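Listed below are the structures to be examined.
In the two assemblies presented below, chain A is common to both, partnered first by chain B and then by chain C.
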Partner chain A sequence: MQNAKDTFYLALRNRLATVNPARTMTLRSVTRPGILVEDAEPFMPLPQLDAFTLCWSGLVADLHLPGILAQMSCEIRYTTAGTQPNAGLDRGRALEKMDDELLRLLYPYSEQKMNYTQTPAAAMGTLVFWSEPAFSPAAMDHDRLSRIATVTVFAFQEANEA
Partner chain B sequence: MSTTTTLPPLPPIGRSVRAYFAPVDRVHKTPTLFDPSVNGRFSVNTPPAPWISLGWIENFARKSASKFGDLVTGTPGATQMQVRATVDATVAFRFKTWTKLSMALAAGSQHMNLLVPAAGGAANGSGSKGVPPVNLATGSTAAFLALSATDAATFSAGSLVTVDVDYASTTGFVGSGVYAAYVSSAAAVNSDPDYIRRVSFNVARVASVSTGSTPGLQLAQPLLAGVPAAGMRVQPLSGFVDREGGSFFQEWSALFVVDGQQGERILYHYPRLQSMAGPAEESSALAPPLERLALGASFRALPVTDANDGETVVCFRSFLPSPMTLI
Partner chain C sequence: MADLSTQNPCGLAQRVATALLRASGGTTACLQMPPLPGDSADAGQIGLDAPGFLSLPLAPAVFRKARATMADGQLPKYELLISADAVAAQVSQLKLSSAQALFTQAAGVVVAGKLFLIEAVSSSESQGTAYLYRLLLQEASGEWPM
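This part shows the complex of A and B:
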């Protein structure tokens, strides 16, 4: 199932580089597209502003199929405080911009499953696909505005796949 | 001395149902009989020949439709005895996966292969005239189709093929391995030499193509009819089509297996099943709007004669108890 998670993350990251090349973040001294996987980064006491954070949570597996169908819940969290020039008064607009970007990142709702543990990455036999996002209400915390979009990611487990 | 510790009978707790099917010899009206005393404990992943696993099914529901009559005598009338007026049963379930076999079983009527069309053919709902078939060379097996290098080069890895004989104006049941249709007259099928390949169950996916010293197609799955017979030819197909309607009834022998959690096993054997509904799908919600589409299937059980006592029956239910419980 890790291949499916990697594929989903890298699909969104690659799409973000096209949808909004300006949305970048500097993490561990590297500037890269503004999307990260929570369990692949050091613990952060505060959310990364103006970036998408993928948090993997639930897992359901349908074993009564020729290939196991895994359903993985992914919470995509994002927080913004608006921009400094506008003293944060544009945080509502900034959140709406991230909502729109996320919708564009998620479509189309599938991607060829890849094995990124080898170089070069190898295409696998099936496609990873996912549901449309379910958006939570925006949450206000002092000067920060946040939202969680939940997506269910599906992948068929292939033979000899870890 | 051999001893064992016993437990009182425990309720069977099943997890899911596995389905297996085998062809019925329609010409000689002979079903494939499953003997639970011989093969009852077979491994669910390797059924005994000629049974074909169709995997897990869901919403499995059996229904006895036998009717009983009563003989009433006396005043006031009281039932003195009963008679079995009719013997009838149905079974319904959903196939979780779509394959040639599961689609054909669920559809009930002729199930067709969509032959890769020849250029300029007239449009038709079940597919237009196919590209010409190619001949098999010597050395074919159930999983390897020997072809000339030129013919092999016309196929690609991953393509689908149907392998069967030319239709030669005969009437009756047609199709290798499994009778796939009944031809009432040559005119009904336009004397089309590709007709048998259009309905045949002898299909497979090509795993690799070789054009070297041993040219041919390595198949990813063995052909249902085994080693190709003389006269069989190969034609590419792109998919399958079934129809609401049609005069033909598929007939199959069926076996359903439920493994209990304490080692017991329940087997339901229907020697003759015919579909009693047209093609239909049933969906299960995954995460909106994603839905998993299953093939709905319902069948009527037809009778056979039990050789042990000559009784007419339509279904056998066998129970193999767990190793430790009293019976």
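This part shows the complex of A and C:
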């Protein structure tokens, strides 16, 4: 299942670099596309602004198929405070821009599963695929505007997979 | 209306704060900083590569339990008071824009061999210049030795 999670994150990260090359962040001394996996980064007391944060939550395994089908819930959280030139008054527009970008990142809804524990990464035998996002209502916290989009990610466990 | 009276900053508040922290049993706290240059590989972003954090010593610093009300299931919180002179020296050495940038990049702070997470940072200022930084810390759940 970890291969599916890694594939999903890296697919979205690579797509973001194409969809909006300007959406970058500097994290641990590296400037990279503005998307991160929450459990692979240090603790942050406040959400990273203007970036997508992937949080893995639910897990269901379907055992009634020839192979085990894992269904993993991924919450994609994003928060913005708008831009400095507009004194944050464009935070609604900034959130809408991130909504649109997320829809573009998620389509197409599948990617070849890769094993990133090897160098170079090796293609595996199945696809990782995912549902359309379910958007939560926008939430206001002081001057920050946030939303959570939930996606269910599906992947078959392969025979040689840990 | 602007205050146009003459003020000559002489670093007195910074020296007093440093002396007070040292006299109050000042210790050394080590910020956990990402290495330069950082790990830009895919493996570094999915938890495969060890982050290789570097210890950045800050002294004198005073570490104490915060006076926050304890609650069930919550780890205790602590305060770390750090001399602004020590912070300024590291900000200058790392060529960072501000102390805030230094604390934002830190993944945690080690005091007496134990890792703490930084929850909030505030500063006390005199004549527009910080003389003391106060970090609100929470004990990290991992019990690994640092």
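Keep this in mind: the second predicted complex is superposed on the first by the 162 of 162 C-alpha atoms of A that agree within 3 Å, B and C clash if a C-alpha of one lies under 4 Å from a C-alpha of the other, contacts with A are read in each partner's own complex, and residues count from 1 in each chain.
The working rule: contacts are C-beta pairs under 8 Å (C-beta built on N, C-alpha and C of every residue); 3 or more make two chains touch, one makes a residue touch a chain.
This one's a predicted model, so the numbers in the text were calculated from it and none came from an experiment.
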Go through the superposed model and pick first if A:M140 touches only chain B, second if only chain C, both, or neither. neither
If we overlay the two complexes on their shared chain A, which of chain B and chain C does A:P66 touch? Say first, second, both or neither. first
Partner touching more residues of chain A, whether chain B or chain C: C
Figure out whether A:F154 sits in contact with chain B (first) or chain C (second), or with both, or with neither. first
Output check: A:A40 vs chain B and chain C. Expected answer is one of first, second, both, neither. What do you get? second
Could you look at A:L89 and tell me whether it touches chain B, chain C, both or neither (first, second, both, neither)? neither
Identify the overlap between the chain B-contacting and the chain C-contacting residues of chain A. none
Can you check the complex and tell me which residues of chain C touch chain A? 34-40, 42-48, 51, 105, 107-108, 117-120, 140
Touching chain B in the complex: which residues of chain A? 64-66, 71, 129, 131-132, 152, 154
Using the touch rule from the top, collect the residues of chain B that touch chain A in their complex. 15-16, 55-56, 58, 96-97, 286-290
Over in the complex, which chain A residues touch chain C? Could you list them? 5-6, 9-10, 13, 28-30, 32, 36-37, 39-40, 42-43, 45, 116-117, 119, 121
